[in-house]
Amino acid sequence: MALSPEVLAEMYRRMLRIRLFEESAQALKTEGVIPGSIHLSIGQEAEIVGACMAVERRDYMLGNHRSHGHPIGKGAALAPLMAELLGRRTGVNQGKGGSMHLADFSVGSLGESSIVGSGIPVAAGAALAAQLRGEDRVCLCFFGDGASNEGMFHEGLNLAAIWHLPVIYLCENNGYGATTSAREVVAVTDIADRAAGYGIPGEIVDGQDVVAVHEVVTRAVERARRGEGPTLVEAKTYRYDNHAFGLHIENYRTTEEREQWLRRDPIPLLRDRLVADGVLSDDAAKTVEDEARAEVAAAVDFARTSPFPEPAEAFDHLFTVPLPARTAG
Amino acid sequence: MAKTTYLMAIGEAMREEMERDPSVFILGEDVANNLYGSTSNFVEDFGKERVRNTPISEGAIAGAATGAAMAGMRPIADFNIAPFMYVAMDQIVSMTAKSTYIYGGQTKVPVVMRAVMLYGNGNAAQHSDRPYPTFMTVPGLKIIAPSSAYDVKGMLKSAIRDDDPVLCFEDGNCWFTAEDLPDEEYLVPLGVADVKREGTDVTVVGIAGAVPQALAAAELLAEEGVSVEVVDPRTLAPMDTDTILASVEKTGRLVVADPAHEVCSAASQIAAVVAEHGFWHLQAPIVRVTTPQIHIPFAPPLEAPLFPSSERIAAAVRSVLE
Amino acid sequence: MALSPEVLAEMYRRMLRIRLFEESAQALKTEGVIPGSIHLSIGQEAEIVGACMAVERRDYMLGNHRSHGHPIGKGAALAPLMAELLGRRTGVNQGKGGSMHLADFSVGSLGESSIVGSGIPVAAGAALAAQLRGEDRVCLCFFGDGASNEGMFHEGLNLAAIWHLPVIYLCENNGYGATTSAREVVAVTDIADRAAGYGIPGEIVDGQDVVAVHEVVTRAVERARRGEGPTLVEAKTYRYDNHAFGLHIENYRTTEEREQWLRRDPIPLLRDRLVADGVLSDDAAKTVEDEARAEVAAAVDFARTSPFPEPAEAFDHLFTVPLPARTAG
Amino acid sequence: MAKTTYLMAIGEAMREEMERDPSVFILGEDVANNLYGSTSNFVEDFGKERVRNTPISEGAIAGAATGAAMAGMRPIADFNIAPFMYVAMDQIVSMTAKSTYIYGGQTKVPVVMRAVMLYGNGNAAQHSDRPYPTFMTVPGLKIIAPSSAYDVKGMLKSAIRDDDPVLCFEDGNCWFTAEDLPDEEYLVPLGVADVKREGTDVTVVGIAGAVPQALAAAELLAEEGVSVEVVDPRTLAPMDTDTILASVEKTGRLVVADPAHEVCSAASQIAAVVAEHGFWHLQAPIVRVTTPQIHIPFAPPLEAPLFPSSERIAAAVRSVLE
């Protein structure tokens, strides 16, 4: 089923938002106004947006340490995300979480966890809740090639499989953990092959092609909505930057490899295709770009001018219902 | 009024809450088969959807319970024996305990995680842990360790209704203690200690299965003319230290009996709080009666002397009266 | 390669030893002289002995909660094992471990752990030690169908696979966890299929046929010794008794199923075959049986008459090298 | 003599022991790529066999290290950041810590498990843990938390030679503190506390990164005429409490500064030991300066005030002198 021009344009818009958001984050980090560490998803925008746009707002989503882009892919407002990066009270997590936990629950996020692989069983649980209530809701769970070596991957996928839970497990295989090649530490070439251990479909898709990702994930979503259970989707992709900002170890990748992947940068790839197919005129594309740029600039402004939380706020949100206050202990 | 054992009380609490609230469900290994006797007829009455056998995947149990809770359900995750929680440690610490905070209150995590502590029965070092202190080091978890049938029923019901994660450590040595429970529904609030016996000479704080031992010690000592006040914190985190401090203010002496290993035990925590906030009331050292910092051996003659007994508690009380 | 009559007779001897040891344990438990819980392997003797006899004494082995039989399979003396069950000082673990930890390091055991699945990565480590030292030593690791759902299974097999470690992972698929059917909780029918997730061979074998198990495991051992890495072997078997002594829940299995498996009781199966093939005369078989019975009886005597450890011994073996003694803490 | 940072000292300790003993090897995520700078040129000098990148499989790292140790090697397992140890919790507790005991001494487990504690740097709740108290609840582990370059080098070398499992918690806030280290080889024994500064009025026990803060507080207070003795236990389990008790006997006053969360902290344990065994020497309450029992928030203005600082320690010292 061909995608409408509106959907394709929206894909382009969201991918651009992510790219520009990340570039701003990089600049702000260089400037020193972002605390902690940041992990950029530049290069991975197609798999993020292709997957996120295959689900509905009501559907759940989980991300990880490299997930600035995922709430954006699912339609979140940019300003509270950017403010969170800067640790401001107006941040989507009120300054409690920061870069590794950017999570906008209003668009269906159930969190972004910086412990590798930890979201995988949680996603099964969210899907279980939907199943138990008979709701038409799926859960889309992102994780990396590195995460596919965690025990939680195995336990989560097995649980989702036996209970036919409506989850889409999307492995963002960018070829590397922090500085370790998947070839060195993942015993299979295609992580999708691991689906065989759970009796579920394992699909491989070109992660630089937003339409291809959208198609494969859409199929997985339909399967999930039909009650047939989870799918493991492996999107082959690449991160163009260091594992984390400022981590200058690059001895584990070749420049040729990077250049090869840069030639398949998902953003020009999509733009060229949309223009060539007459979906967007050059002018229309330009308008989308300008709008995205303005949106991100506004988010940066909002973030910069937002106040920090007060120290006493550190004590909020430990519990939803605090127990009676006591002297000590 | 009917005599109800601690074990039966656990089942009654879950049953009543499952009848009351359709978002409550149970998941865990062999729960549908009623392994320990707390889910008799649950499958018949609630169906396998709500009484779910899981694979032997403790991390997935914790994670799935957490995810379901974040998505609006109220799961009761049955971990079987307490040390199996170590297998799920990261999920419990990084996800269950931290999500509400990290996301700035965008989500709540109303999950109950239950496990029994089996010790004193030749189950050896991997099956005999009393690991509540391990989890007390982690903020964001409410932790309960009831010592009576009345408390376990009322507290477990409160835990299931609570909007935060609650770990419930049940003491296998209390399983078959029975008492008359009210016919009408009742709740025991979390975070409130209970003075199990009033006294004036020495405060004995007991944790979980040490509470009945402390009460037995108090009986013994009463015959010697010593009046012991027994306090059960019941909720270990966040703990009602006010009640303990008030008792020490009255008695001036403190013994803490805790079946956990000594180091960084609940007993150590209570002693530290009193040495800091109740110091000026103390007339004697704070003595802890705990399990020595060794693993639990298999052979009964090795294992039996290790845990706090009424004799050991009584001896400690006598020592602070010297 | 056909097995020699001596080897076949030894297989019968060891299987019998296990069966009789377990029956004695059951009787002693009924009598009340064994503390704690016991998990019997009656019905699984063929896969135990077939696998253990495919490795050498120098090779490592790990068992689990249901592993009275495994040290016996590897040639351990019976008396210290039985004494351990009774918590005596003469026990193989000096009374510290008991039924769920019967481990005789002198025959290559590296322990039997009662935490389901926990031995799997430890086995990889032992094999790594052998590999690093260039020793010709493999590691045989037993675990159940239930254990194949633990995260440690996944992490351990992946690690062993990427490093080509000399391990044989032997899954004793007796169809059930404690009271839960593998059909209900293992997403695949054949656990051997999980090997695909690690790019290693996965073999299925009739666990009631000691010769078949021996053959498959021998192949896996040879592969490991050649430096080609681990194999996952799935032995289909059955435990005839309850999960644990005294656990009378049996609503999860049918009597028909049990009877069907009883018809393939590995002990008469082997005896009949040996007698039919002329490997053992009826008399010779009888002699083996009498000898095994006498050995087990002697072990029981030894155990019963052995002293308990002294309470102070509880403080031994926490550390190999205790730190200087202190007042407290 | 050359100025060596704490971080460099870690690398030197591992390098010297790997040169000395071929059974020592390193495994962990990204270790071959020298992620944090403690394994510079290790691959070149020792080869990838002995400096092994692992998958992101913390349980397998712990388990494989334990198995290799049981089979006669001396692995150093690098867990990267301390909270990642939770993922391996069961392996560490059930296998690493318990095997020697369970098997009645048939095996030893000479493994070192290292991790850095990163806190105070905007790493948020999942990456900022100081989890040594969590592990102190477990018998069978030797636990060290060095606070200086000298100590970390000497103790890590002792740990690698030790026949028991040693967890080494390194403090990221000490990484770049430098000092002159001896050119000749030296060891610092495990299980021996160090009096970092002698004093007569108040004992301050500091843990890990709180030691430099305590020393800074002592400087401040010296100007006010208060003589502070600073004791660093260095080994947290089993702990040299004798040295602490001896110091309290001299000063009569105790403050414990510990970057861990308050509940069941090392500070609580030390306070409990002193309230039990040093009670009669105490002239004031034992005050703990710890991190409040909340998760570590991301925003710097929220995070910064939470940890023990020299100011907070000094204030606590003044409070026990009132």
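By letter and in written order, the chains are A, B, C and D; residue numbering begins at 1 in each of them.
Just so we're on the same page, a residue touches a chain if its C-beta (ideal position, glycine included) is under 8 Å from a C-beta of that chain, and two chains touch if they have at least 3 such contacts.
Since this is a predicted model, take the numbers as computed values, not measurements.
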In the contact graph of chains, the distance from chain A to chain C in steps is 1
Set C-D beside A-D; more C-beta pairs touch across C-D
With centres defined as the mean of C-alpha atoms, identify the chain lying farthest from chain B. A
Chain-centre distance (mean CA atoms) for chain C and chain D, in whole Å, is 39
I'd like to verify one number: the distance from the centre of chain B to the centre of chain C, where each centre is the average of its C-alpha atoms, in whole angstrom. 36
Report, in whole Å, the distance between the mean C-alpha point of chain B and the mean C-alpha point of chain D. 30
Expected list for chain A, residues touching two or more other chains, is 91, 93, 95-97, 101, 113, 115, 149-152, 154-155, 158, 162, 184-186, 318, 329
Shared-contact residues (touching 2 or more other chains) in chain D: 54-55, 57, 59, 83, 87, 90, 94, 101-102, 124-126, 139-140, 238-239, 263, 269, 273, 276-277, 293-295, 297
Chain contact graph: line, ring, star, complete or other? complete
So in the complex, the part of chain B that touches chain D is made up of which residues? 83, 86-87, 89-90, 93-94, 97-98, 101-102, 124-126, 131, 133-134, 136-140, 237-239, 260-261, 263-269, 271-277, 279-280, 282, 284-288, 293-295, 297
Chain A residues within the chain D interface of the complex: 35-37, 84, 87-89, 91, 93, 95-98, 100-101, 113-117, 146-147, 149-151, 177-180, 184-186, 247, 249, 251-252, 308-311, 313-315, 318, 329
Which stretch or stretches of chain C touch chain D in the complex? 60, 91-97, 101, 103-105, 110-111, 113, 115, 118, 120-130, 132-133, 139, 151-152, 154-156, 158-159, 162-163, 316-324, 326-329
What residues on chain C touch chain A, complex-wise? 149-155, 157-158, 161-162, 184-189, 193-194, 196-200
Within their complex, state which residues of chain B touch chain C. 29-30, 32-35, 53-59, 83-84, 87, 121-127, 262-263, 292-295, 297-306
